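Letters A, B, C and D name the chains as they come in the text, with residue numbers starting at 1 for each one.
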Amino acid sequence: MVPTNYYLMLSAVLFGLGIVAFVFKRDIITIFMAIELMLNAVNLAFVAFSQALGKPDGEVFVLFVIIVAAAEAAVGLGIIILTARNRRSLNVENVNLLKL
Amino acid sequence: MSTTPILEYLWIIPLLPLLGSAINGLLGWKWPNKLVHSVALGATGLSFACALEAVREFFANGQQPFRKEFFDWIVAGNFRAGFDLQLDQLTVVMLLVVTGVGFLIHIYSTGYMAHEEGYFRFFSYLNLFMFFMLILVLAANYVLLFVGWEGVGLCSYLLIGFYFLRKSASNAGNKAFIVNRIGDFGFMLGMFLLFRTFHTLDFNALFAQAGPLPSEAMGQFGTLTIACILLFVGATGKSAQLPLYVWLPDAMEGPTPVSALIHAATMVTAGVYMVARSHVLFMHAPTAMYIVAIVGCATAFFAATIGLVQSDIKKVLAYSTVSQLGYMFLGCGVGAFSAGIFHLMTHAFFKALLFLAAGSVIHAMGGEQDMWKMGGLASKIKVTFWCMLFATIAIAGFFPFAAFFSKDAILFAAFNAEQSGKVLYAVGLLAAILTSFYMFRLIWLTFFGKSRFDEHHVHVHESPLNMTIPLMILAFLSLTGGWFALPALWGGKNYFADFLSPILGSGEAAAGEAAHSLEINLSIVAVVAALAGLIVAWRMYRKDVKQGPSTGLHKLLYNKYYVDELYNAAVVSPLMWLSRNVLWKLVDVGVIDGTVNGIAHGTSAVGDTVRQTQSGNTRSYAVWVLVGALVVFVIIFWPVLKPTLFGAVR
Amino acid sequence: MNEFLTHYAYLIVPIVKIAILVFIILTVDAYLTWIERKVIAHLQARWGPHRVGPHGLLQPLADGVKFIFKEDPMPANVDKAAYFLAPFITLMLALTSLAVIPFAPQHFTVFGYETGIGIADVNISLLVLFAITALGVYGVALAGWASNNKYSLLGGLRSSAQMISYELALTLSVVGVLLIAGDFSLRKIVDQQAGSGHGLISWNIFPQIIGFVCFFIAAIAETNRVPFDLPEAESELVAGFHTEYASMKFAMFFIAEYTSMITISCLATIMFFGGWLSPFPASWTFTQYLPSVLLIPFGLWVIFDGIRYENMFGRMLLPVVGGALTAIGVALVIFPVFNDAIQGIFWFLTKVFAFLFVYIWMRGTLPRFRYDQLMSFGWKFLLPVSIANVILTSVVILWRMH
Amino acid sequence: MSAQVIIFFVLAALAVLAAINLIVQRHPIHSALSLIVVMVALAGLYLLMGAEFVAAVQIIVYGGAIMVLFIFVIMLLNAGEEERTNFSKLALYGGIPLAVAVTGLIAASIVNSSTATALPPAQPVTLTSTRTLSHLLFTEFVYPFELTSFLILVAILGAIVLAQREN
């Protein structure tokens, strides 16, 4: 039997890696992937908890997270395509109009 | 279930006008007049019918005062103000007067307002007024009564300012509202005091507690006395008594039906009703009673004197109204509550009639209100003339018409009052003479003599039926209305007093059987007084007179004792000065604007400094997000983290 | 030795089964190419392969040898990792998807390890199947992208778009069946279709005819077969995503394609045509001799055809084959045990091959879609219809309940 | 060390390595591929825990739809390798410590929280969780469920509006 702690630690580590990617990658798409990675880490924690406590609610929540991720991907990638079209670059550091 | 469907659902009576008002007010703006006034009339008529049915059931129940708590409205601690309606003898009288006269005046208005702008607005307001007035008379506790009280105030404001394009009209509206505020303030203070003393504002509970209390001696200002005086201040505001009567004459800016309904028949009598309703308290406070009597008497005389010389037909009626209200208060003041209420009823009839007739006259004259520009109308508008004449006779107090009995009862009670009764009686009698004088002056100036307007421009015409029929009905009522209360010696029986006695107690207890001869004499005196007034007026205005230059006393009276100017100087202008120089220039500009602008500048300054962090580089933003996440995490998980971080150190 | 086996049976038995299955599948794939070429040839009034071995029976062998020994050039500056990964992904997924398919009802016990015919008996086998199919896109997409060639890229893009679009319809079209069966396990779905033993009337095809049509169309699109083979449209983009692939890598794509054809056929059989169930009512016991009735005449015909075959080799080989087939048929008659044993697998294979034939038949018949037609068909027709089917089915089921 | 633990560690190592690879790789396609590996590994973990339906959905939706969309977009935009610009000094110097801090804090609180350690091992409690899940989804969580469908509708519209060229 695998202790639940292992799963939680794994999810923490993945989450941290997601953060690092989120901060350190310059490619919009990769940053987006980092977000997905963090979502996955959280999902792992959810499933671990729900299985440990024998309650399926956590898994239901995972389903919701996945749905949201799908919607998010649809819109986000649309935005990415637009930015790539307009700014001819996927590097977020060139997309710097968001200031006074 | 019960044999008293309407009583069980008493709220239907006020609700109907409210519905009518809502319908007309919300949807009526593009409806044809027919639809609008059919809605309004339907609402009022139905509610009148319901009132009749309710009264029938009331009698069927053997005149058991009916009371029902429909729902809690305000509940806070031990304070409860419910939507409780009650129906007892007093309410019955008021209910019938309000709905009945109101219905007639609605009918009249359909003719009078036919060519006015904002027809739907007018009827919406009128229905709304009916609603509040019914709430007022049906209320079973002071708070609900106060709702109706304020509501009718609002409606009167709206209706006085009906021609809001006229500066004078809107000013009059404001004036009425503001002056009433003073009275209402007193009223509220009175309510607070009562609640503080008795921990309830419900009529039954309150009076049940107040009843057994010892009545406070004359000249002693106990709690009850003060409470009663405060309530009476409210009454002076609403019922236009000295010193707060000033708004009523200006209120004549409103359409004439409004003057008839609100400022003669119903609303202004609310004060009297309230005093009568809380007579238990007043009975325990002779001082307050005395004050009421004095104020009433003084008002009666004072207003009558002003009424002598007014040239505007409606103004005359307005002052007459004030003085008649004074009579009612006099009645209440000397303990003859039933007499006061009785006079209220009769007055509702003939004063409404007077106003409506005056309105008809004005209608006929094409909007002219100055009596000096009238004359000789008797032959041209017969119906109006006769109705007006009846009303005048009634108000003047000739035997055997309405005011004769009511006014007579009041004067008789005053005469028997233990506190300086004779004086009150004398002044009242004087006022009676004046009343009959200015009324007949009005008649002569308006209807007799040569016409003082050029026939070519103004072509006089009798009003349509829907205006004249209410006149006739009211005329009939004001002729016969007095016979409800035939004093014993007129071979009759005072049904009215007996009817009200379970509620008000028999105020005429003072008059024993021995007093009959006295009463006869007094009534003869009264009739003589009325005759005197008539004769004087006839002598003065028989021949067509010109409006002479007003001088001396006449000038003083004509300018209403300069009371308005006095108030202006004493109250209004200091207030204006205060508002302009202190509240505006100091408080508003200095404090409030200063604070607001200061905050704004501070915000922008902070923003200027903080925005440096906003580099526009998404990765930096990502880092900021991270910082925020860190902080939130630490805050949330502090209990778990504390041992983790510092437990390890030790 | 023996207790070792019993101890590790849970490892050994599946491995053995996998090895057997892979061998069988690869052979079937190989001969599927032969069958396809033959069938199409005859549809087009040609002979098809007939040089290598009698009736070209050894053609697949020759192709295999060719694939192995062919040179494998790699185009300049491709993305190596992806370039190598793509065919492996494709083949691996194609083969994996077969793992959850039950081929026959029997259960047997080896070394105390109880197992069935078919690798794994997962109770969400259908979901697993769809999951694997869903991953199938990557092979094509990566191949297209990695090989650094605009035709390949276009092919990859097309195929990924097409697969995403038709996956929806594919998944939705079987929901009806799921609603009826109330379970994800393919085995349970088949058992449910057995009904009260009155043969084919209780198969899902009848209540789910719409679902079946949607399913089959979408499935063809998923496997990139004609008329949905845009990713490798020869006339437009040389060979689509596998333009730059040669020899074994190309072979992998090919095997994968045929394997997924088989998978889909199996799936269709199981979902709609009652898997291994016989179409005849259980009471008709004589029908269980059908295999022999088919095998013996066929074997005799093969012998007859073989003895007067043009070349020596054929005259030696074909009679042997025919004899073997006849012998099997006779054996089935003699030993009822065997006969009972093979009933399920017989029907299953029959149905599967029927579907494969339909595949090939369509390839021989239908023209290719245009890209926009493809998309609008998938989104505007197939998807709504399958959704409507779902709604209809659930309504009917509810109505049945009450 | 039971078989399950071994499987767990294998899958976990796979996931972590793939995640690191996501960061190290410079071409978005490779990052995407490694992310897919992470997801598949996670699906394996779910299966290990007995959450089979979630595992399947994870692969179907994440692996089969979302990541395909990513790769599709990458191919469509023909994205090249990312250039290593460092305009944001904040991210350059502040990033690593913060990330480490957050991760460390989470891990620390997991390790030291009495509840997390007291949890029973996450094991296949029930293998028919699909039915229970759907039950929950349509009874207890029906409103969120409907809301998500609305959300998806909105997302579709948004994607369409974004993607279409204004003309």
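Miscellaneous remarks
Simple rule for what comes next: a contact is a pair of C-beta atoms (placed from the backbone, for glycine too) under 8 Å apart; a residue touches a chain by one contact, two chains touch by 3 or more.
If you're wondering where the values come from, they're calculated on a predicted model, not measured in any experiment.
Here the chain-to-chain distance from chain C to chain D, counted in touching steps, is 1.
Comparing the centres of all chains, each the average of its CA atoms, the largest separation from chain B belongs to C.
Centroid to centroid, with C-alpha atoms defining each point, chain A and chain D lie 6 Å apart. Chain A and chain B, compared by their mean Cα positions, are separated by 71 Å.
Between chain B and chain C, the centres computed from C-alpha atoms are 95 Å apart. The distance from the centre of chain A to the centre of chain C, with each centre set as the mean of the Cα atoms, comes to 37 Å. In chain C, no residue touches at least two other chains.
Residues of chain A in contact with two or more other chains: 19, 23-24, 26, 93, 96. Counting partner chains per residue, chain D shows two or more touched chains at residues 53, 57, 65, 69, 76, 87-88, 91, 95, 98-99, 102, 106, 111. Listed by chain label, the pairs that touch are A-B, A-D, B-D, C-D.
Across the complex, chain B is touched by residues 87-88, 90-91, 94-95, 98-99, 101-102, 105-106, 108-109, 111-113 of chain D. Interface residues of chain D, counted against chain A in their complex, comprise 2, 4-5, 8, 12, 15-16, 19-20, 22-23, 28, 31-32, 35, 38-39, 42, 45-46, 48-51, 53-54, 57-58, 61-62, 65-66, 69-70, 73-74, 76-77, 79, 82-85, 87-88, 91, 95-96, 98-100, 102-103, 106-107, 110-111, 116-117, 119-126, 129, 132-133, 136-137, 140-141, 144, 148, 151-152, 154-156, 158-159, 162-163. On chain D, the positions that touch chain C within their shared complex are 27, 29-30, 33, 36, 40, 43, 52-53, 56-57, 59-60, 63-65, 68-69, 71-72, 75-76, 127-128, 130.
Looking at the complex, you find that chain A touches chain D at residues 1-10, 12-21, 23-27, 29-30, 32-34, 36-37, 40, 43-44, 47-54, 56-57, 59-60, 62-64, 66-75, 77-82, 84, 90-91, 93-94, 96. Residue ranges on chain A touching chain B, taken from their complex, read 19, 22-24, 26, 31, 92-93, 95-100.
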